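Both of the next two complexes hold subunit A, though its partner changes from subunit B to subunit C.
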Partner chain A sequence: MTTPERPKLQTYTLSSGYVLPSIHAWPPFFTQQRNPTIIADQISHWTRIILSYARHRRLFVLRIQDADLREDNQWSEIFWNPRIKRVMKPRHLETLIESMVNAGEAAYEPPRQTSSVLIFWRTPEEWAELLHEWATNTGHLNTILTFYEIIEPEVPSQFTDMPLPLLRKALNTLTKTGRAQIIERAEGGGVRFFAR
Partner chain B sequence: MNRRPGLAGFEFQTQSLQSYAALSSTLSQNQIDALHSQLAQFRAALSRFASEHRQDIRRDPAFRPCLSTDVRLHWCRPARGGRCRAEYTDSGTAWRGYQVVNVGDRLMVRSSVKELDGDQATILALAQRMGGRFEEQHLVDETRWTIDRTRVAMDNMVIRDGLCWVDEQDDARVSYWVPSAMVWDE
Partner chain C sequence: MTNPFRIIDGSLPVSSLLYEDEELVSSQDGVGLYDGKEKTVGRQNGTIQLTTHRLMYIDQAYPQRNSLSLALSAVRQTEFYAGFLTSSPKITIFIHTDTRPPPTPTTPSSSLLPVINVGELSTPMQSWVCPVCSYNNPPTASEGRPKCVLCGVIRDNRAYVASITHTPLHRSPSLPSLRLPVSSTDSPLSESLTISESSNSQPESIECSVCTYLNHPSMTSCEVCGTLLYKRKVPSRSSGSTPFSSSPPPSTPNGTPLEASIPSRDMLRMSFRKGGYKPFYNSLKKALMRKAWEGSDALSQRGSGGASGAPRLGIQGIFESMDNNVVVVSENMHAGLRDLEALMTKAKEMVELASSLNTKLTAQEEEQARRRALHPDLSLGLSMITEPEEATFIRSSLAQLGLPTMAVTQDMVKDEDSYHEELARELAGILSGKGVTGKGLLGTGEGIIGLDEVWCGWNRARGVALVPPSSLLLSVPYLSQYTSPPIELRVFRSGLRVLHTPKYSNNAFSERLVALLNATPAGFKTIIDIAMGEHMSVGLAEEMIQDVEDAGRVARDDGGANDETRWYVNILHDYVWDGAEAPS
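Presenting the complex of A and B:
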């Protein structure tokens, strides 16, 4: 008896240029598995896809309702695979989100709910370093910058569209080491960066 | 035996194999040939692994004993026929428990201390033949097991052993998938 050619699972390049790993073409990848070792493996693959896709598309927020959507959603390219007719289910995504939060790869935002997270394809600490570096290189030390000026600059920057809660988390890590001071005003907050 | 750098330890003791063989009056020449061929393949697989991961093996103290440990091969008569097993053991290195197992007509290296039981071997062989995906009914047809018996076996594969993945979005309601039956691009 001869064994048939083994089916081949291939990577897939999306129109945006993002390359989906071959496991994304494997139908059971879209079902929550039941063995602890396999679950850990599955979570790590999904987490890597979510974080790298988010970085690729500059997505900052993930919600449980992003699951089970087959179109018109910024996440549907990874949560829906029409080539194998498989889709991420909300309960599955909830578990993934929970594990990402536990691993420090995401944070519930707003706090005290579990259906929406900020995702950390850069950690708040990494964002903090980038912000401080940027302020230093662009001559913004010791002057007050509004949050608005940072996340909605006239010339698009690496901080464009960064959610305010994420900016605050990043700045908070700088205030702890005296490298920034947050200024709260009625018309919106601001920050002053200091040299080390 | 052809030696390669860094592989001094991977020398199989064929003498030991022969002495085992001599003890058994029922071993056929075919089985011995088959085992020798398995060993050659296993050795080739180890060579590939060692050359691909040479840096890691050198760097990681847990692997280092592999470079100097004798590898002994034991082989047992299959309990219920049809399955030869070459077990690869040494004394307490990272390689302990690696096994070459026959699954269908394919040879697999299994990195676990536990050996495949009869159900696991049957199910993995079915999965290989089916191209990596099968349904409960395929297993019933194959084995003539009762539904209850089949479900227990599949629960073991899925939950206890983690040898099969489940797909609950299949047209068949549930299907089972075995990664080793597929070729992975990446």
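Presenting the complex of A and C:
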């Protein structure tokens, strides 16, 4: 189908080192398509970009307001392509977010609204495993750790800046299998890990 | 008939000038009258009063002398002039000339100047005493022969004469509205009346035949002995001695000449110097349309002619008029439908005529072509050049109008299916242009046409035996059998139905579109570009592109300039991820 005259779409490396796929330079990629097949393809590619970029930049939260911003924003590097003058529209992002939530790749946070999500570039279960592994390796089993100690450690770890709701989701999966116990305090919660 | 003009006493209030069955409609002051093209002397500033029956001019300066009235029944036509610069707006009224009475030989002088004689005055507008019940009927403005309000007996002249004998006009209390022209006090009231009416300013007394007492003129019986007073005239010094004397020239008793006579022309022009002409003209036209004078006329006629003697009233009357209306409406409807049926029966003949004309023209054209081939030099003649052109023009218009053969109608085929098949065959001819001299509906270039256009074009070709849309839809499936390349029906997502040649099928079009987009350096085309390239309307192009989009072969980009949609070949499906893969 392709003919040589048409210029080939190129990948683009952002200043942060993230490599945008070549599809990001295809103008229809920024328009909400009508054909269900095309939409499915479009969503899967967008989801992949969002997740990999969030992992790259360690971004945990995505809001609909992040769309349609032609300025420096943590998300604008992928939602705005000044080289082809295309920008992500809020309505389009809303449907993207919705499909990500349905696929378990994001969760509305706070719940019962649709404009802000936690991005699961790691699922809560994966986070739980990492947490338990980290507690085991660092000798924090059977001792009480506050949430604050986990997400704002003195030495930066992979849990630094992790949103508290995401941490709770991860810990909740551990409590279900009896590997952790959440202790609620008025001044903030804590957790105690158990070995298996 | 009567002279439509009358002198009236304008010094009286307008309401007292009206007859019992007359109503004031409109009035306007600052009006002057014209006699022909010239201003009428003495009637240049007054008020025009429009009633249901009359038009009255009340002069402002000399209301007693110069006021006059005109019966609306005499109006033949009205004209309206809106005015220009210093010229005031005017209304011209034309009066029936044939209604003017021929001059009576007994009143020779009255024919010279249109002074009203009593004979004219008398006819419709007098109060009269019924000879049967002696009721003193009030004067009416209506024309025709009035009948007694009380007993319904139609007035005859005898009764009238008697009444006027006993109730002299200008003294009658029942006659406040009517006043003789000032000049007419000098003239004898009527040659037919031997009334003892004095012609000078002093009223004449009536002498009793029994006791010789001189009674007051208004008395009908002697004041002293009660004898009935007869019209024995006491000779007076100034009046004409015989009843048949001619009228003296109109002049006021004190000798001043009459300033304004009654208009002699058969038209009256009113100049509206203070405006207000428009509403006045409107109400004048309304009053003329209403024909109030005729209404009572007809009533009296019906009363005289009908056995019942009175118009039906009450619920019975309402029912009767409703029944009449129903009858009239149904008659009108039947007459209208008869015309339509006649047209339908003639339809076949009209189609035949069109086709015969067509064949004649074909024959003529062939003959001319042959002749031209035989005599090439003749074709230089002017007639030989122009004639074929005319023929082609007629033919092309005929081809647009008519079919090469007779239109297929339901009675020509045996059952429904074959009817639709025949229709499809006919439609195929129209679409492809085969058998028709003109270009087919599908033409040579387009190859795609909306079903609505097909229906319109087909019915135009059929002329009279029209095809309903349902028949078109039923015959379309047969269409591909009679056309090559086959013409198919296609229904778009929006519900739009088109007929198209294979070139415009979805597959062919999408292949063409993808190839076109791939060949474009920028990689995209707008709808307008595509529509222009495919020679179709933008709406149709949009429908077709949407079908290609539904197949997933093109993708849209709404982010372009002017918010127009750009179309790209869909590469998402075959896309292989080439972006960053963050370490997990």
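The criterion applied here is as follows: the second predicted complex is superposed on the first by the 192 of 196 C-alpha atoms of A that agree within 3 Å, B and C clash if a C-alpha of one lies under 4 Å from a C-alpha of the other, contacts with A are read in each partner's own complex, and residues count from 1 in each chain.
Methods note: contacts are C-beta pairs under 8 Å (C-beta built on N, C-alpha and C of every residue); 3 or more make two chains touch, one makes a residue touch a chain.
Predicted, not measured: the structure shown is a model, and the values here were computed from it.
K.L.:
Just from the overlay, do subunit B and subunit C fit on subunit A, or is there a clash?
P.N.:
clash
K.L.:
Quick one: is A:52 in contact with subunit B, with subunit C, with both, or with neither? Answer first, second, both or neither.
P.N.:
After superposing on A, A:52 lies in contact with subunit C but is clear of subunit B.
K.L.:
Which partner chains sit in contact with A:28 here, subunit B, subunit C, both or neither? Use first/second/both/neither.
P.N.:
Both subunit B and subunit C are touched by A:28.
K.L.:
Between subunit B (first) and subunit C (second), which does A:8 come into contact with in this model arrangement: first, second, both, or neither?
P.N.:
In the superposition, A:8 contacts subunit B only.
K.L.:
Go through the superposed model and pick first if A:172 touches only subunit B, second if only subunit C, both, or neither.
P.N.:
Neither: A:172 stays clear of subunit B and subunit C.
K.L.:
I'd like to check the shared interface: which positions of subunit A are touched by both subunit B and subunit C across the two complexes?
P.N.:
Dual-contact residues (subunit A): 1-3, 6-7, 9, 11, 21-23, 26-31, 33-35, 37-38, 85-87.
K.L.:
Using the touch rule from the top, collect the residues of subunit A that touch subunit C in their complex.
P.N.:
Interface residues on subunit A, with respect to subunit C: 1-3, 5-7, 9, 11, 18-24, 26-35, 37-38, 41-42, 45, 48-49, 52-53, 55-56, 85-87, 121.
K.L.:
In their complex, what parts of subunit A are in touch with subunit B?
P.N.:
1-4, 6-11, 21-23, 26-31, 33-38, 85-87
K.L.:
Would you mind writing out the residues of subunit C in touch with subunit A in their complex?
P.N.:
514, 518-521, 523-524, 546, 549-552, 555-560, 566, 568-575, 577-582, 584
K.L.:
Tell me, which parts of subunit B touch subunit A in their complex?
P.N.:
Those in contact with subunit A are residues 104-106, 128-129, 131-133, 158-162, 165-170, 175, 177, 179, 181-186.
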